[in-house]
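Look at the two complexes coming up: subunit A is in both, with subunit B in one and subunit C in the other.
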Partner chain A sequence: MTDQIAFDRRQFLQTSTALAAATAGLGLFDAAPANAQAPAPRRGGTFTFAISAETPHYDAHGSDTFATLHFAAPFYSTLLQFDLADYPKVKADLAREWTVADDLMTYTFRLVTNATFHDGTPVTSADVKATYDRLRAPPTGVVSTRQATFADIDVIETPDAHTVVFKMKAPNPAMIEHFASPWNFIYSAAVLARDPNAPRTTVMGSGPFRFGEHVRGSHVTGTRNDRYFREGRPYLDGFRGVFMTQPAAMMNALQGGQVLAEFRGISPAERDRLVQVMGERVRIEESSWTLNLLIVFNTEKKPFDDVRVRRALHMAIDRRAGAQGLARTATLRDAGGLIRPGSPFAIKDEDLLRMPGFGRDIAAARAEARRLLREAGVPNLTFVLHNRNLAQPYTPAGIFVVDQWRQIGVNVEHRQSETSPYLAGMSSGNFDVAVDFSNLFMDEPSLSLAKYVSFNRAPENRSRAIDAELDRLYAAQGRERDFQRRYDLIRQFERRALDQAYQVPLLWWHRIVPTHRTVMGWQMSPSHNLGQSLGDVWLNV
Partner chain B sequence: MAGAVSQPNVVYAPVKRRSALAQFCIAQPLGAISGVAIVVMLFGGAFAEYVAPYDPLAIDFGAMLAPPSWEHWMGTDAFGRDIFSRVIYGARTALTIGFFSSLFGCVLGAILGVASAYFGGRIDMLTQRFIDIMLSFPIIVLALVVVAMLGRNLVAGVDVNLIVAIAIPIVPKVARVVRSAALSIREMPYIDAARAAGFGHLRIIFRHMVPNVAAPFLIMFTAFIAQAILLEASLSFLGLGVTEPTPAWGLMLSGNASDFYREAPWMILFPGLAISVAVFAFNLFGDSLRDWLDPKFKV
Partner chain C sequence: MFGYLVNRLLLMIPTLLGVAVLIFFMLRVVPGDIVEVKLRGDGGNVTQETIDAERARLGLDRPLAVQFGDWMVGLVTLDLGKSMWTDRPVVEEIALRLELTLQVAVMATIIAILIAIPLGTLSALFKDTWIDYVVRIVTIAGLAVPSFWLGMLIILALLYWFNWLPPITYTPFYVDPVANISQLIWPALAVGYRYSAVVARMVRSSIVEVMKEDYIRTARAKGVFEKLVVARHAMRNAMLPAITVIGLEFAFLIGGLVVTEQVFNLNGLGRLFVQAVSRNDFTLIQSIVMLIALVFIVTNLVVDLLYAWLDPRIRYGGK
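This part shows the complex of A and B:
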């Protein structure tokens, strides 16, 4: 199995160790693990939890919001998955074993033989091929936000019904982690053949739970899949995800036991309130978060096609002051570059200070910003900031940047929309400037930087910018196996991205998850995208 | 001989006529007090730039959640913004939306009510059934539907669609009251005379009927400003009205205020007080105006 990838496994272990040390340094898993001395799992019960946004559709391939995963992950399986007990290592899901060629050009997966879709048809290599073909080269009318990630796949072969072979155009050291991405739901080839867009509107997977019902504005339910391929799972009879977009309502529901968990994260103030009111009944787990907010400029609209305007708006933001202030009230914590602060490939603090928009002298930066706006002919710039109508952390972030831009004489109208119209506006380019998010599931630079690749290669790049130099650097860092050389390439990429400022990082998040003590088997991680299949969750009541 | 008749030399003391304002203050002291409160709010809102000690949008992380003090009379919020300044600027938002919503709703309602009464017959019947349908919706539900349908449309910093959304539920209420007043006016001889003189409908309605329903109109106009302020605060609280960082009383009660009301009760106390005072003042002023203008209440 993995013995065949000596070089990359070594490198992977080095990276993992560094990451583990880094995350420990950042205070990952501050609280005691949920199940340090867990009793034996019990079967039965319906688990009710809150989802703080409603998914615009069901298709994880074309989504990058947690609202889709928290809704749909229990219904689907993936090829591999992250082992949250030993994060960031990966473990089996539909693939019971896998091999990687020494040259990283061939990945072979052997599938479990007892997996079936919820309609009773077996899961075969043809379904995996159809899924990954859809991810890397979506048919017309289908959106895959993972196109850039899987661009290195050359061909997918299916020598038998339970073996899949991925042959690469070029080596990609992070490929095995990409195969463990929680977004890569395995869809039925037969369903995709009938309608490639069927997963947007219908749910049919091979996960631990069968789809029950989705009542818009209210809830989603799932019932135990008795033919689930993992023996003895799931423990629960079913689950009920309740859409709760109002934090106050969610806090009350958590306190009253109407919902037993919220997996995305709550604010520090909400955490303190829950602990004060619920005491021992609530479990709080904290972690740094592989998630950051970005400010994205629509480069197809004037004057944001002018680098001077974008750079001025980027430089006017005092991220360090914002990180300190907002950390007390919002789920925002760290000022950092394109890679999560503290992770192995993140920029060092002293280097970050030299990056445009991250210096200590904010007065000088704002003077320069005003000069750039005058030079660009828009000294009294006015625009609409498109933002998501989620209390944490979008609203505080919007209030913060509006204040920062007012200080260079820019007048901003802050317009917030519900998740669906917000995402629709972002995808269609119907905005001037927006608060965007980079929702990662691991600290792999190829994943973190994919959002900055040219729009024609990465639809998740909301700035719609085309930049061949960034594309070249992205490809080069993805193929580089030497840590230091890759680190340097990433710094070049970062410098270019921040100089051009098509989209710029605002602040990185801090994750705080509350669960009732009765909820067992769920694992905390630095990503709210991971571990949401609920297959291992049980209720200790 | 005829004696001269001497005229008694009577000197009449000049009649001291008090101004209408003074008469109102004497007759309706509570109304006068509420009027003063309204004037103070209007002044504060109109000259907020000069009255407010701080920029209402300026974030100061060094002063987050500060309690009321000499520096910040009403304390600060979770972004270190001065609540006193935000309450003053919030008066501008509340009064602008309240005034224009009430004006728009009352004018439309008055026209509908007078026209319905004047034309009578099938037009009256259809108009009244339409008004019945409108009245069957709770005011907040109707406003929610309208604001959700219209979205936002900022003109000079004011959301015109929000004004329309708040004005629409006012229309049927005003139309119903104005119609009842106009029905009695329609039967007056001077209306018959106007018809006999060949005046057109529009002239009769606007020249002869509308001025005669001015008293109930004015009373409702002031009373509905209070309702509009309350509705604007409710919609903002629900996230459908004014959006952050605009200072608005209802908005100040939601968001971070709900997170910190235990540690920083001033975050909800002062905006809540501002809403209460404004609504109370306009309601009281409207009642006093009705008592003063309507002859029935002078008996």
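This part shows the complex of A and C:
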């Protein structure tokens, strides 16, 4: 990169052994944390940033888009949160301390006693219970996209106003990280009692900022919550998130200083433009991303119920060449398996080469793909590729795979839709083959692999495949506490998933975040879903 | 004249009714289901029970005739219902964007008229001279250059030369006129240039035609000054087709600025319309279509009335 990325890597790695291990293991940061050499935080100012999509509603429990978090996270608290300075460790938010039973069957949280919702009512264990009851068993008419995640919770007890106890049906090694999920906004029990769907249209949180206004199609504003439970926070007087769905308009606004940051991520070409024209005024931070694109085959539709067809289409894609080309223009970079490359449970590169669809000899792979298609009786296969109409990275990824399949004689119509119809089409099984995505907020394998287990257990598996062997391996790795044995089980899962090719990874994303030099206190992470409460952000002006 | 006006106003009713019937039933024929998109568009696992409940809440489970009847009653009582996507009143959703869109349309129209009439007239009066050639180049360029692309050039020029960009969120004129104008003048210029090119070409060809008319020759023969011939006799007649074009272009701008709105990050009606269509938000689509239809009808009426004002030979409703 350029000298605009002021990163003292040595100093960063010296901060702690744990962080160094995490950084080396996860391939986390290529660039500086925003406050590597930060002066003392200053209070005041309004922070304006771009949000590259507008949330359809305010309810994070029923959302899977970053647009909801970048809009609403500053208004809410969660039980725990990820410590981005020491990722992937978790730290306190509303829970000041917590204990986990040795058998992972009981989690006890003690809440801060000074937290209040923005209407002045105190935050108590009843609010936490109501929130998690809504997440794990939403009432009729309420959508919780995290119902499966919290299905292992058996009972939630509230022995006093500031203690909450979760008792589990089965142990889940990733549970504590799930309690730090940015999607689990704590809602007011009183508000939920009046209308369980109120969080979709109204904002009532206990976060660092109070809701100001949402001008639909334009922007959202927040003002400092003076009664915020963390002493001295937030630093900002307020913020303004401007919806900018046009990348060109957003780049101009960043360059012109109308917005000071965009937190989802920009493309390499956009990064280069900003660095070239803004010089020292812009800070670029990069990280591998807990996001990957997948090719998903609808196994309820012919001929994609035939493993030979799926495997042929999987093998015809030259991911390594694609990664090199697409990394120059798109937010895609790494060819990898089911777990994020560089993270502790990721497949080693030499092992990946032996996985179907990841070998170096693409000519041989394509010859085998043609043979499989002939054997399956569809040598001149034609289908529609269902894709999202976002320029980055869906469009280039779609064009890339269409070209790859054309090279084995497959004719594909590339059809792109707006986000909501795109997701609805996949959720209802109304597609042949789709470019899907896996949007994670952490690297825990149980989360990463959940998308690949049987459809009747994981609705986010858009291939709609049922595979008892994958389910067995998934459960086994989830129970395993020994690292190496768990690693081996994950490899078995991965091989089975790639052999069957119900859905296959295409490429992993690469996150590039631009912020003006004046923006301090924001922490880069491998997930664009994390760290958006803005409580620690301040302006050095 | 009064009778003509009443007649035209009454004729608006069946026209709007026809539009309403067409849009209502066409939307129901087009594939797509807002409830699926709304509830499953987040990627979550939503039960059929929840989908059915939402469909019932939105009234989509009732017979089409009942839904149409309700909508008609709403139109008459100016209760356009709620957006099926945001659950906000449709009037509120449209009003939020209409103010900005109307202002851009009015400013673009003013810019277009200020540019087009002098240029078109000069071009016609100095036909086949260098002035005419220059104006023709300018106007043909205006027709050829898309407004959104000109908008992008304007933004890049502002950034390059002044390191400045217009505000990105809308401020009403009555709140801060400077912020308002400094935001909207640029899209108005981008759109107004193309608009002016269309009108200037029309003005030029009309004046060229009119200048060949007998009454122009008669006026000159009577010794009327050339400036008066042009201003009093030629211009008024030549303006009739130009006004038609101005009216149509103005009505088009109300819903047709989608790409320009994106370039300038404007929260306008065009973007709202596109979003509503992509989400199958029936109530919002229907209302926006009715609004655009109404703008076209009213604009045509105003154009017709201007005809009568400009050309004394045109008298409506007389015997």
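Note that the second predicted complex is superposed on the first by the 505 of 541 C-alpha atoms of A that agree within 3 Å, B and C clash if a C-alpha of one lies under 4 Å from a C-alpha of the other, contacts with A are read in each partner's own complex, and residues count from 1 in each chain.
Everything that follows uses one rule, which is that a residue touches a chain if its C-beta (ideal position, glycine included) is under 8 Å from a C-beta of that chain, and two chains touch if they have at least 3 such contacts.
Every value quoted in this text rests on a predicted model; they were computed, and no experiment measured them.
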Would you check which partner chain A:T46 touches, where first means subunit B only, second means subunit C only, and both and neither mean what they say? neither
Partner chain(s) touched by A:A321 [first = subunit B, second = subunit C, both, neither]: first
Subunit A residues touched by each partner, larger count belonging to subunit B or subunit C: C
Would you check which partner chain A:Q416 touches, where first means subunit B only, second means subunit C only, and both and neither mean what they say? first
Is A:V402 in contact with subunit B, with subunit C, with both, or with neither (first, second, both, neither)? first
If we overlay the two complexes on their shared chain A, which of subunit B and subunit C does A:S428 touch? Say first, second, both or neither. second
Given the touch rule stated above, what does A:T116 touch, subunit B (first), subunit C (second), both, or neither? neither
Looking at the overlay, what does A:A248 touch: subunit B (first), subunit C (second), both, or neither? both
Jot down the residues of subunit A that show up as touching in both complexes, subunit B in one and subunit C in the other. 248
Residue ranges of subunit A touching subunit B (in the complex, touch as defined): 247-248, 267, 269-270, 273, 321-322, 324-326, 328-329, 389, 391, 395-396, 398-400, 402-403, 406, 413-416
Subunit A partner, complex, touching residues on subunit B are 57-59, 61, 64, 78-80, 152, 154, 239, 243-246, 255-256, 258-260, 262-263
Which residues, counting only subunit A, touch subunit C once they are in their complex? 56, 62-65, 140-145, 147-148, 201, 215-219, 240, 242, 244-246, 248-249, 252-253, 255-259, 417-421, 423-424, 426-428, 459-460
Residue ranges of subunit C in contact with subunit A within the complex: 32-33, 36-46, 49-50, 53-54, 85-88, 93, 96-97, 152, 155-156, 158-159, 163-165, 167-170, 262-265, 267, 271-272, 275, 278-279
